[in-house]
């Protein structure tokens, strides 16, 4: 039984990288605006369909299609924020959550109207081979997913820590009011972060469509797993989202193999519920101070 | 004193409206009658949901779970134990209430807002997974056929007959919830929504009212689930997915949050219209999504706020008088 | 008859900690029935924290709080409220969506003996107690001459009106002790004077004990029988207003903070 452990971990990390990327893209929006975007999964889905249209419909090569889709989703995210979220920013959380959820529903409904419920396949731009390292199989899917997410994480890290823009973003993450005081246009900043989150999500959607499946419901499926990853790593922490995603991916594989495959589907739900009940600050966060 | 008694009398008059509905069946064909019955199912569902979201102010997405638990409780008790449908109503309500009590636990532990939403969303999906996995009870993903129903031996063989029973149940839940909201209990819900610290400073035991609010909501929605089971005659896990959640949200948001009138109005508008488009996959999601977006932007207090301008009877009031 | 001799509210060596910081540091004082006791001090001196300790909203690390001879420091806020300590809030604690009347009815919550079953089934008794409470709430609004506001949602009322409704709500159950957290904030001078007169009248005519946090110093001097001064969480003075005004330590505390 233990002999398959490395194999499970490799597969778990690859899936986990996907969760990590999507959780990270949600965390970017959450940190910037303190809003949990309940429609984010559907942006991921929309990104995946955009790539499908660009590659299968317009016959573009994969990488340009990916860039185009990310750009398109940036605009979509930015537009959603400007048109729907910004007018109600000061409103109750319920309105914010419902607005995002409803906007996501519109996207999902549109996708279903156009493509129906059947699952589509996104043609892989690479050969579907695998390599054997000792006893462990590395599929090309695993390598591409892990590699792509790692590259993105590296790029993001560099942007955040080495560029002036990154310093500003970090400053705003620390204090919204402070940002407004030093003359940052908070609305524009929020819009750009919604766009960035959506663009990152689109890349996640592309990887998901490549290696798992493409259907109108992948957004919801992803959303719940991204929530679990964020909860596990501590809501609002960028690094926590990544680690939480990877942990969730590995946990799914381990539970699926050693307990029952039935549990793969619910690992995320159980994790979310248990962590929020027992340790709301996540595995790595410190408890927030209570205020009256 | 005369002026104080007036709203009460006006409310009584308002209750004549369902009585007028009694004469409705002869004018409707089979399908229209089904749609009317579906509206009646969604009245308790909306009323219960609105209590938690609108009155108690909690961002809980667990309503579809209460609905499914009520529906499956009723279906399973009929199919496996051979209970008559009417006898499954109390257990369906009680199971819903227990689920409600369970859903209030995170709120008691201080989980609020987005976190509560995420958590209750996971709870709903967990329940849907259970319907699929508990195959011996629920029939798994293929679903279960619900036996034909009767009320004390009177078979609910036609949509007409269901209509009269459903009307009575829907009216009962509305009246009971109305009484609840017009008492110190309803005021406690509103106080907790607005400011928990101030509510406690009034001597309101906030924890107890969290449990009570969720449990009452679960009870009422569970009854709605049992009605749903006999109306559609077939339960499958797909009936309790996220599209259903959006439909239920559309009911309370379009109708009007924290408004009993709104719940009823929302059930009518949201349940009746999209049936026309039920055959186009995706259309419901699109319409409900758009409706919610528009309501939040342009009519944040829902259709009920328009009615309230017309007549004070539709205004929410949290005392008896 | 120790009950008569004992003060209404008795704080002994009360300490509240936030992490390593002592927000309230071994503070002792007492409030008697019919007495107006003001709690003053620079911003951050721990006044509201002390209020929160009395009402059960902040846990105390040491000391004891007694109300009518009974230890209350381990009770939940709603239990303390039900025993007769009521408060108003610094930034207005009215429930905005509820009307003035419904807000006052919330104040009466603990006195309305109706359960879920009675309410839902429309039992006579449940309805009778609700009606009696509504009548009492209306009478109280009448007494303060704000009955005409009863159907207005609280958030639509002016600042002064909100303050009055909040006081009516806090006093609805005839509590023995009232805690007022900066009641004069945002009020025009004439309204302030009315408020001061009301505070005096309530204490002297009904025997209500009042603990008052207030920055408007002239109001404090006019209405209080005794002034307790906090600085950095510790009590630095406890004397009649005139004596406090002359106290050097108090002066330094205020001037030191600019």
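Chains: A, B and C, in written order; residue numbering restarts at 1 for each.
Just so it is clear, contacts are C-beta pairs under 8 Å (C-beta built on N, C-alpha and C of every residue); 3 or more make two chains touch, one makes a residue touch a chain.
A quick note: this is a predicted structure, and the numbers were derived from the prediction, not measured.
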Farthest chain relative to chain B (centres taken as mean CA coordinates): C
Chain closest to the middle [Cα centroid of all protein chains]: B
Centroid spacing, where centroids are CA-atom means, of chain A and chain C in whole angstrom: 49
Distance between the centres, which are taken as Cα means, of chain C and chain B, whole angstrom: 40
Inter-centroid spacing, chain B versus chain A (mean Cα positions, whole Å): 33
Residues of chain C whose C-beta touches two or more other chains: 57
Junction residues of chain A - those touching two or more other chains: 292
Residues of chain B whose C-beta touches two or more other chains: 197
List of chain A residues in touch with chain B within their complex: 35-36, 38, 84, 87-88, 91, 93-95, 97-99, 101-114, 116-117, 216, 220, 224, 227-228, 231, 235, 262, 265-266, 268-270, 272-273, 276-277, 280, 292
Parts of chain C lying in touch with chain B, wherever the complex brings them together: 55-57, 76-78, 81-82, 86-87, 89, 93-99, 101-102, 105-110, 112, 114, 116, 119-120, 122, 126-127, 130-131, 133-134, 169, 173
Contact footprint of chain C on chain B as seen in their complex: 176, 179-180, 182-185, 187-188, 190-191, 193-195, 197-206, 212, 216, 258, 317-321
Contact set on chain B toward chain A in their complex: 53, 57, 59, 105-106, 109-111, 113-115, 117-119, 121-123, 125-126, 129, 133, 197, 242, 246, 249, 253, 257, 280-293, 296-297, 300
